[in-house]
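Two complexes are shown next, each including chain A; its partner changes from chain B in the first to chain C in the second.
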Partner chain A sequence: MLQSKIRQRRMAVAFILLIERGDDGSSQIGAEKNDKPEEHAMALLDRSEWYDLARSTNWTPTFVTDEDLFPDVMTGAQGVPAEKWEVYDEPYKTSFPEYVSIQREKDAGAYSVKAALQRSRIFDDADPGWRSILKSHYGAIALGEYAAMSAEARMARFGRAPGMRNMATFGMMDENRHAQLQLFFPHEYCPKDRQFDWGHKAYHTNEWAAIAARHAFDDLFMARSATDIAVMLTFAFETGFTNMQFLGLAADAAEAGDYTFSSLISSIQTDESRHAQIGGPALQVLIANGRKAEAQKLVDVAIGRAWRIFCILTGPSMDYNTPLAHRKQSFKEFMQEWIVGQFERALIDLGLDLPWYWDKMIAEFDYQHHAYQMGLWFWRPTLWWNPAAGVTPDCRDWLEEKYPGWNDTFGKAWDVIIDNLAAGHPERTFPQTLPIVCNMSQIPICAVPGNRWNVKDYPLDYEGRLYHFNSEIDRWIFEQEPQRYRGHMTVVDRFLAGQIQPADLSGALAYMGLQPGESGDDAHGYAWVEAYRNRRMAAE
Partner chain B sequence: MNQPAIAQPLKTWSHLAARRRKPSEYEIVSTNLHYTTDRPDAPFELDPDFPPAQWFKTHRNASPLKHADWNAFRDPDEMVYRTYNMLQDGQENYVFGLLDQFSERGHDAMLERAWVRHLAHIYTPARYLFHALQMGSAYLCQMAPASTISNAATYQTADSLRWLTHTAYRTAELAKRFEGQGFEGQGFGTGERAVWETDPAWQGLRELVERGLATYDWGEHFVAMNLVARPAVEEAVLRGLGQAARHNGDTLLALLCDAQLVDADRHRRWTGALVKMMLDSAGNRPVLEGWLAKWAPLGDAAMEAYSAHLPDARDAGGLARDAAGAYRQSIGL
Partner chain C sequence: MTTGTVADGYRNNRVGPILRAGPLTAGIIEAAEEDNPGKTIRVDDKIAYVRIDTEGEMILRRTTLERTLGRAFRMQELEVSLGSFAGRIEMTEDMVRFYYEKTL
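What follows is the complex of A and B.
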């Protein structure tokens, strides 16, 4: 294995050198062929001969106690003793020399695609809706990936199994890569558009979507123990949900001609699918030692939280911002295939049950992201990207086909917006009141409008404070560990508490760090309203 | 009218734009990435006081080590992920080339039996030590108050896994070569844990890393591990053992130790730069020196104990102690 690795690596190095020299002709390639290293008898050990030794590194401490070395708040081993973790066996094995070699090649690929396309006009020519996807993606993801590096580091330090600690070391490196790639690429666009500054800036602000992202990611991994992280971040979140943002958007990006973004996020996904496998064997250890209920609860909390954040991030991207001609699948179809079809099997195979709310979540596939899309577009000045409305007559036909009844529900609300725009009253399409924000997701509470109205608050009185939730799922998550959430204030709580001054939209925008020039507006400058105006004129 | 000005596109991130200098790739992808340091009263966007928040408020925010702007730290090597892999892929090609070449020449068969026994005693148990360093750097990564420090710690974590990997590889190779030749019990690949846990050669180092790992204030952890434990390991194990190997015909081990010391030199460069930055703030010197007064004696004792078991290395302990002290002195301590 390693012998051939070394040979491959030498060839790969030659290949990379060739790429880095540029595209200057066949004589170089000929020279490389002649440089091919001589074949000779290799005498290296196969990785399998030494791999187990590299993960036989647990010892019994005597100068400090086991509890000193693995405090429960950081380790979270659920009372399963150290020796029971020794059976932990990561399914995807790699080693330091293989890792640096493969990752070097991957980066050469990712960065060379970028170099080649830098000269192309894809960015300038892309539909504005597509640019909005890039902005929301980078702002919501880059520093979240960096936070995941800290979470991987927690597993590398406090994981109870040496195999887990080694794999998490590669996981740390992976997340370091993902943060760096997803900062490097949007940075290139900064001189073209101020909103790309948010690729770096978003997480440092109190912009509401950034608060929602921090709340979700802190809860899923930043403020979790090593064991919780293995289950919640790597198993539930990465196995299940990053596929959506990364594979789904990669397909749409390729369709839209943005090969830089497509190859970038596909390359990232190859790392994710490796280190996502840290969680499976950790779940097996928990279940084998009588901790199924505890493991199930972690999984259920994680899926509930991941669903919400991807529902608002990926749902509108796929069904509204991606230009109609470039859509591969609807968000609902994608969820059905990747979450229901594949992830469900992964849960059952591990001996876990489906979350108690599974059917409720699947029911939300029909409406929740449409409601979020209305909220995003309506509150567009509070975003760092320009949301596309995505409701041209053709788009509406597509939505009606994919989500029967759309025109009778969400369409009704859009009709009001469209009437105001067509009549020359854009000022009537901006919010005048505060939404009620969910104390779990940090996203305004919303559901189906129009003829099938089902918007409902799910309140909870806890220690004298009234909390509001978007669904039974959000409220249930709070109830599992109230001390984790109780002291947090939503952006609207802060507004009502007088922390945001002046207490109007301008004060809110300043609090969120949004200046004119950054603040969002309709992606297409309302040009899409023209079709409706023409229809009207024709009718009159 | 009091309309705020319209924000114009910038050539770089807004937090770097004020400096009127083109930022490097390193700065673009490495600086100001921790958001949990933005609000000292609430590290996470969750309850401000639940146990994980308390952990960060206590062990990071309330560290006696203070600086007005930790984000000003820069790694002198300006290492980024992309260049780390290029660098280490090259280094690993070199190391596996050595392993290949020495194996082909029948290197292990030519080793003296006495030296082979020493290897089981003073070399192969080092995988536990290197793994402890790996764990320690992973802690520093998650607790450091600036992303530029965390990144250096991440690459240091990976380097430690690299050293562990080399050691595991050689352990397996030695086990294969000397199987059934009287090394059972304390043998290659089977006896290391017992040696690490009980043999006098390792107890000082084990005490040092166990106590260092269980030290959770990020600043004291940095002092214990990067200023005391790592220099102790580098001077006593990598340099001392490497020298003993050279004196005993084990060129392969000597070259392996040298290859790892290349990583250690890089760690010392960023560690030195960080100490220099810490010393810019007046209150930090007594804090750092207080911690060193506590930790350096443990480091000295660990080097002494280990070095006493190195064959053909006169006063190795004294040399190691002097070198570790000289390193700390060279960075202003």
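What follows is the complex of A and C.
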């Protein structure tokens, strides 16, 4: 108690010092210091000299109990007492004045392209496949950033360690910035193409991919405790998978000449790179206090769920929608670089183990996103973007080189589609039946077609209801907390329950909020089929 | 490449910054060479980002960066370019350190 009062007084002194210095956040304190070090040396303390003190915001509550103030259900501290969290030390620190100054610089860079964007011909000149990447990205991500902002706010309030609360306050503002940026840019494109309206609209609909994204983000960000969020959102999701979409895809964007998008998403990732460091020390506290198994489970659930989302979003973007000439690496190569070589290595360093399903997930690198791509293109009327098929003869050579055996599996299924299109029967390339949708990922169950057919349902009977899963990983996640997931209905469950009327494609599109002019179709208007038609005519 | 060799890709000790395309890159590479004597600094340029890494530990000092960039530099400014990093991080006003505690 006495210690708390002394701390409070010291803090008050520290804050007064800051106020007297006029650190309103906009001043270039460091720059001044560097420009005229001898003049300002007395006026400025280094951050390290006051940070620990200013961060010490724990106190002894007197009006309510500590348990009421920080209930375990909200903190997720798993019974690890407050004093054990005192050792939490965030490795990537910043102060409010530094934060404001640096973020201002970042935003100046990101928004400076506004005028350029309006003059730019990149939108008109870009390959339609590239425009589809932008549409799928903004729709799937922009409002997910708001979900992440709520999650950061929960850590800012219920984080058990003062350092976690401090960094999460910045993280909360970061995520707000990301949502604003990624709504601003698609909005600029709306007058040219109404599908960009889905940058904002997607999460407000029951479009199936939006349901899949919402289901995952609600699970990992919105409906979790502060500690769970630190582990699942900041550690697993942000030090791991966001690098794929925000840096890996930026490499393709730069190759495609879309420097606006490349700069925008990589700027966002600089925020992530800082606030993602909230998770590491939280994991260390959990492990040091005998909660390794619980921490490992959180990480394994988060990686499993994140993998599905990025597999369907980033995988087809990189290997099909990005024009062939602009592909920096294959999706699998980016996964090797960012997830295997970097993220999993960091996980081992913190004292965790590889997920139990590691080898199964690695095996999926070779096929799962190819299967998702077929589904996306096949069910294209149900998308808010126009997927590129990405299977011209040249593209197929590239796919075969990067994924040996592609022609013998996925290629055979595409051959049927190509035959129908070349013969003038596009109506045969639209879905007539419903897929079986995974009760975890909310994405149709699929795997390898053709000569290596391995498509399989992983069912589970729970409390009299039969659930279907895409893999052992998805089923395992459900089994960890079935009461959490049991009530949710996939879009196909809703269809079969009679909630979608009329029970046909028109009813489904209306249910998903897809208006005429928004519903997806082949990105290139099937022009790519011409190459096959010519080949066949030449052969005849 | 077989599933086994891909799965073992985490067995490495490479640490260092991954920088967005920007004006700091050349100065940071030079500082990495200078502040980590005897170490091989690997640079992988993907245009949108540049991966700069070395084995086990990499240090970048503010004073070195001020010299290689030819201007005053606050360590926190690194954040504008720091899209990601391999390894753990320790950031002070005078230096940033990327490292792993365990050697695989």
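Assume the second predicted complex is superposed on the first by the 496 of 540 C-alpha atoms of A that agree within 3 Å, B and C clash if a C-alpha of one lies under 4 Å from a C-alpha of the other, contacts with A are read in each partner's own complex, and residues count from 1 in each chain.
We adopt the following convention: contacts are C-beta pairs under 8 Å (C-beta built on N, C-alpha and C of every residue); 3 or more make two chains touch, one makes a residue touch a chain.
It should be emphasised that the depicted structure is a prediction, and the values quoted were computed from it without experimental measurement.
Partners chain B and chain C, once the complexes are superposed on chain A, both fit on it without clashing. Of the two partner chains, neither chain B nor chain C is touched by A:Leu505. Once the two complexes are overlaid on the shared chain, A:Ala147 sits against chain B while remaining clear of chain C. In the superposition on chain A, A:Asp359 makes contact with chain C only, while chain B stays out of contact range. When chain B and chain C are set side by side, the one touching more residues of chain A is B.
Once the two complexes are overlaid on the shared chain, A:His204 sits against chain B while remaining clear of chain C. When the shared chain is aligned, chain C comes close enough to touch A:Ser267, but chain B does not.
When both complexes are overlaid on chain A, the residue A:Gly280 reaches chain C alone and has no touch with chain B.
When the shared chain is aligned, chain B comes close enough to touch A:Met172, but chain C does not. Of all Cα pairs linking chain B with chain C in the superposition, the shortest spans 15 Å. Comparing the two complexes, residues 101 of chain A contact chain B in one case and chain C in the other. Looking at the complex, you find that chain A touches chain B at residues 2-3, 6, 9-10, 13, 41-45, 49-51, 53-54, 56-57, 59-64, 68-69, 73-74, 95-97, 100-101, 103-104, 107, 111, 143, 146-147, 149-151, 153-154, 156-157, 162, 165-166, 168-170, 172-173, 176-177, 179-180, 183-184, 187, 190-194, 196-197, 199-201, 203-204, 211, 214-215, 218-219, 222-225, 442, 483-488, 515-518. Interface of chain B with chain A (complex): residues 3-15, 25, 28-30, 32-36, 38, 43-53, 55, 80-82, 84-86, 88-89, 92-93, 95-97, 99-100, 103-104, 127-128, 131, 134-136, 138-139, 141-142, 147, 150-151, 153-154, 157-158, 161-162, 164-165, 168-169, 171-173, 176, 189, 192-193, 196-197, 206-207, 210-211, 213-214. Against chain A, in their complex, chain C makes its touches with residues 3, 6-7, 9-12, 14, 18, 20-21, 46-49, 66, 72-74, 76-77, 79-93, 100-102, 104. Taken together, the chain A residues at the contact with chain C in this complex read 30-31, 33-35, 46-48, 91-94, 98, 101-102, 105-106, 109, 243, 246-247, 250-251, 253-255, 262-263, 266-267, 269-270, 272-274, 277, 280, 328, 332, 336, 338, 340-342, 344-346, 348-349, 354, 358-359, 362-363, 365-366.
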